[in-house]
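First chain A sits with chain B, and in the next complex the same chain sits with chain C.
Right, the complex of A and B next:
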């Protein structure tokens, strides 16, 4: 077994306790909130008599003690069974398989947009710290970062969808259009323009600022002085020396942002009517649907762990010191 | 239309953005007779015979029909699957004549066996409202394929059952459900009915698609080819989709009240308040009579005098509501009486009543403190909670708002009784016996939502409620319910503030809308889309 492979395996095994803590924590947290899935359901249909509530509780196993349900849940999850959603009345694995791709498309595109555009603009701003370009970009990014996601989403929607009618207001694709293959992919991309821009813009600001400050710091380093002394062109110094070193914290940030972007997608998915993972989590909490929420959180946790693993591996490629010196 | 930006001035200077204009406007493309409407929620299951609720009816009523639908005409009811109904002299049976020549969507004929099965196997044991309403139903006889005789163990007023028909009598196909676990049947998600539209498709989180039923029993109907219910949980998105022409209707006030004034001015869109008369919601202050302060009638009267109904109407409901005088809304054509005790807005009188009750103000002006739980289901119930807190503070009652989401609110108020005052939005369903007397009747076990969980006991009121439940003569029932309103407003087991109905925002292209008092949850057979 190669050291790299062993490291990956070690990381994966090490993440099992993390997942266990996540599951137990979420289970207890949701069950400590007032009311259960039957209360939420009966509220949604305008109530019923006491016998109906008792009958439904027995059907969903909600008449059992919390500890029995926890042990049952852990046993079920250990067998790889995500269970049955109370609120949606469907198998959770099927629901997740349906929603996850939408969110992955949304997050993946938004991450790519914010990372690429953010780092490029960051380089532009950090090329000459204190210059007019820098001040404009830094100020602009601060403004962008402080705008709440739902507001930005609504404003973009009002301008580009409602007033100008360039883009669809909501949804992931045209309803029952019968489109397939490339046509369908284009249709989905078309619907994703606004949600991706909204989500991407907020994180773009973050990447821009981190890149810019990394660049600004690099200018005072000796290797820049050495590069200058070697008579390298300014653009080569900027890109190959300053930017390459400033990129490392950005890669770390990429891993960290994966988790926070999942959170941000809740709002964006709701505003743009995208049937995604974030909205599913919100519906699970409102419906007190413990198995569904556990499924969503568990899959999200695995995603975040995998992303961070990828980031670690990317680190090893970009910064040769990491692979060699470490474990 | 109020343009935020000029379409041309600002953006067309950029060549790249200008190019976007040549991309297809896919979203607004309409196919033939497809009508797209906004839906703000996705019910866990869509079977209206099990869950008699507006969220379920909104979609399912187009596929599965009740025996009769509410109507604006004198009778108040329009026959659907039943063509007539007659009560026996002794009130122990009701005979329904059923429509002939009706088929289920799979081609099987509709018969009295379907009605008997639905009543005994679904409405009575499983349905949230039917479990109470049909508690005395013992048998359904089917002398022929188009007659069903409902037998009751106690006298049951025809008036009550008839008024409840649109809500409780959705008929299911026996051949699909018989012998299966009804609550788990796949037909609860892919509905099979007799209605003008057949089930098409459901993409969770996206849409429900219903298609024209070419074999519908009413000739030449339905008029629309397809109905699409677009899932739009975000209210701003619903308004935006209407303006962009992506949906032609947003019902159940899914466009917030504050937006109505603006959106009503958008060319091609109209705000409609009709079509919800039989779905009147009541803004009610629920009272926990276990609280020693609130057990005192003078305190309850003081609270009633402290509320400025006109302010609530104007500021919270922006005029889209009516002041309530008691537990029956004024728009009810049968049971309402204005001849009740009323409580004018009078803070000074409220203070005097509190003094009389023995709760004088202390140096800081406070008399006592209590917890106030506004129901989270509507913006208006939450906003009224904020208002009530201030109104009570003005007379020296220090209320603390406890905000919960719906599951937690249900448990706190209706199971744990962990409240002093609560704000509730119960529904008036055409007859006080269906879901209104429950709000004040004693002896209801804990855990029953939207019922008297405040510990209020009034033997006179209880016996009146019980008498009315078995009184057969319609005029005598109406008189009893007038007395009911008088007793409730005199003793204030709860305080009715305003009654409100929903609004729809609809495209002017839609025809035949809001033409019955349960329009949003009726079958839309005659709904059309013009050009």
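Right, the complex of A and C next:
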């Protein structure tokens, strides 16, 4: 077994107890309140008799004690079964599989946008710390980072969808357009422009700031002095020496931000009516659908673990100091 | 504090925060009565009616009154979350760092578990269970905010634990609790406190997002709730959503500006 593979395996096994804490903690939290999905379901269909409530509870195992349900849930999850959504009356795994791709596209594009633009602008700002360009970009990024995502989404949609009519207001694709293949993909991409910009903009500010401060720190380091002494051109020093070293914390940040971005997608999807994973969480809360919310939280925790694993691997490729066995 | 005075932008941020805090405290005096009550004709444009400087919403509720009372909610939630998250983080981090062994391993797995779950999803889950009371919202947001302080406190304690003055205190026969709380805590505290501004700003934004999704307390005015209300008139009366959003941006920017200066003075790093 190669060291890299062993490291991956070790990390995956190490994350099992953490996932167990997540599942047990969230399960107990969600089941600690009075009222359950059956109450919410009965309210939504306009009420029913006690017999129906009892029958539904028995069907979903809700008449059992909380500890028996916890054991049952853990056993079910261990077999890879996420359970049944009470509110949507469908298997949770199927619902998540249907919604997740939209959110992954949204988050992936937003990450790419914010990482590329953020690091490029960060290099520009960090090239000469204290310069006019730096002040403008640093100030601008602080302002951008202070904007609530949902509000930015609303403002962008007022400007670009309502006033200018350049882009669609909401949804993931034109309803009943009959488009297929490439046309449909383009249509979806068109609908994702505003949500991706909204989500990406906030993280762009973050990447810019981290890149800039890494660059600012690099200028006082000895390797910059050594590069200068070797008579390298200024642009080479900026890109190959200062920026290259400042990029490493950004890679780490990619992993650290995965959880926060998943949370951010909840509001952005709500603003733009994207039928994604984040909005599923909101629907689960609205429908008091405890198994669904537990499933959503568990899947997002797994996603965060996998993202960090990927980042860890990328880090090993980029930073030669991280060799075998290093973390 | 000296660092704060040397930076004009931090001073400006501090002045804005002070003004907001005063407005929040004096809200019942500045704008008496229920901000959710109908005050005039619906949808008065901003800057057209002296009685309603920022106009009214579709039910005729005064926008300025909403802003003033909304400041109360944002400031209260921001500060309470910071207090809860910093105290919880400090305690868990210090205990983990000092105890070591199994206690440390279990506590740090707990911190990890909280870090891999998106904080906003946790907040959604808790608010859905505890209901949209002030305590519920504060607790919900703090759940996602205490891990940073905990990790930082632990790493500080680990570094300090091995230092000479702690060894000296041990030789002198001081009680372990005395060493923990009188020798180590005061030195571990400043870097952790430098996280305050980030936590307050994040809490204000998260509270706004929860209220925007309709998970806040419906009987209390919040800026996020006002934005959600105005969303229905985005085409005809966009200012209803835009103005409370600007209030949020100004508050959060000011918090960050003060926080940057505070971080520099607390960690004694030279300002870059």
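Note that in this section the second predicted complex is superposed on the first by the 306 of 327 C-alpha atoms of A that agree within 3 Å, B and C clash if a C-alpha of one lies under 4 Å from a C-alpha of the other, contacts with A are read in each partner's own complex, and residues count from 1 in each chain.
Heads up, the rule we're going with is that a contact is a pair of C-beta atoms (placed from the backbone, for glycine too) under 8 Å apart; a residue touches a chain by one contact, two chains touch by 3 or more.
Quantities reported herein were computed from a predicted structural model and do not represent experimental measurements.
Colleague: Quick one: is A:129 in contact with chain B, with chain C, with both, or with neither? Answer first, second, both or neither.
Modeller: Second partner only.
Colleague: When the two structures are overlaid on chain A, which partner does A:95 contact: first (chain B), second (chain C), both, or neither?
Modeller: first
Colleague: So, A:273: does it touch chain B (first), chain C (second), both, or neither?
Modeller: first
Colleague: So, does A:288 touch the first partner chain B, the second partner chain C, both, or neither?
Modeller: Once the two structures are laid over each other on A, A:288 reaches both partners.
Colleague: Touch check for A:87: first (chain B), second (chain C), both, or neither?
Modeller: The answer is first: A:87 touches chain B but not chain C.
Colleague: Which partner does A:158 reach: the first (chain B), the second (chain C), both, or neither?
Modeller: A:158 sits against chain B and chain C alike.
Colleague: More residues of chain A in touch with chain C or with chain B?
Modeller: B
Colleague: Per the definitions at the top, what is the overlap between the chain A residues touching chain B and those touching chain C?
Modeller: 33, 154, 157-158, 162, 270, 288
Colleague: Under the touch definition given earlier, write down the residues of chain B that touch chain A in their complex.
Modeller: Residues in contact with chain A: 3-5, 7, 11, 20-21, 23, 25-29, 36, 41-45, 51-56, 126, 128-129, 131-132, 183, 188-189, 200-201, 203-207, 209, 226, 228, 230-234, 236-237, 240-241, 243-244, 246, 377, 404-412, 414-415, 427, 435, 444-451.
Colleague: Inside the complex, what are the residues of chain C that reach chain A?
Modeller: So the residues of chain C in touch with chain A come to 109-110, 112-113, 115-122, 124-130, 144, 201, 205, 208-209, 212-213, 215, 224, 227, 231, 234-235, 238, 241-242, 245, 248-249, 252-253, 256-257, 272.
Colleague: Within their complex, state which residues of chain A touch chain C.
Modeller: Those residues of chain A that touch chain C are 15, 17-19, 21-22, 25-26, 29-30, 32-33, 129, 142-143, 145-151, 154-155, 157-158, 162, 213, 216-217, 259-260, 262-264, 266-267, 270, 281-282, 285, 288, 293, 296-297, 300-301, 304-305, 308.
Colleague: How about chain A: which of its residues touch chain B in the complex?
Modeller: So the residues of chain A touching chain B come out as 33-37, 39-54, 59, 86-90, 95, 98-99, 154, 157-159, 161-176, 187, 190, 270-276, 279-280, 286-288.
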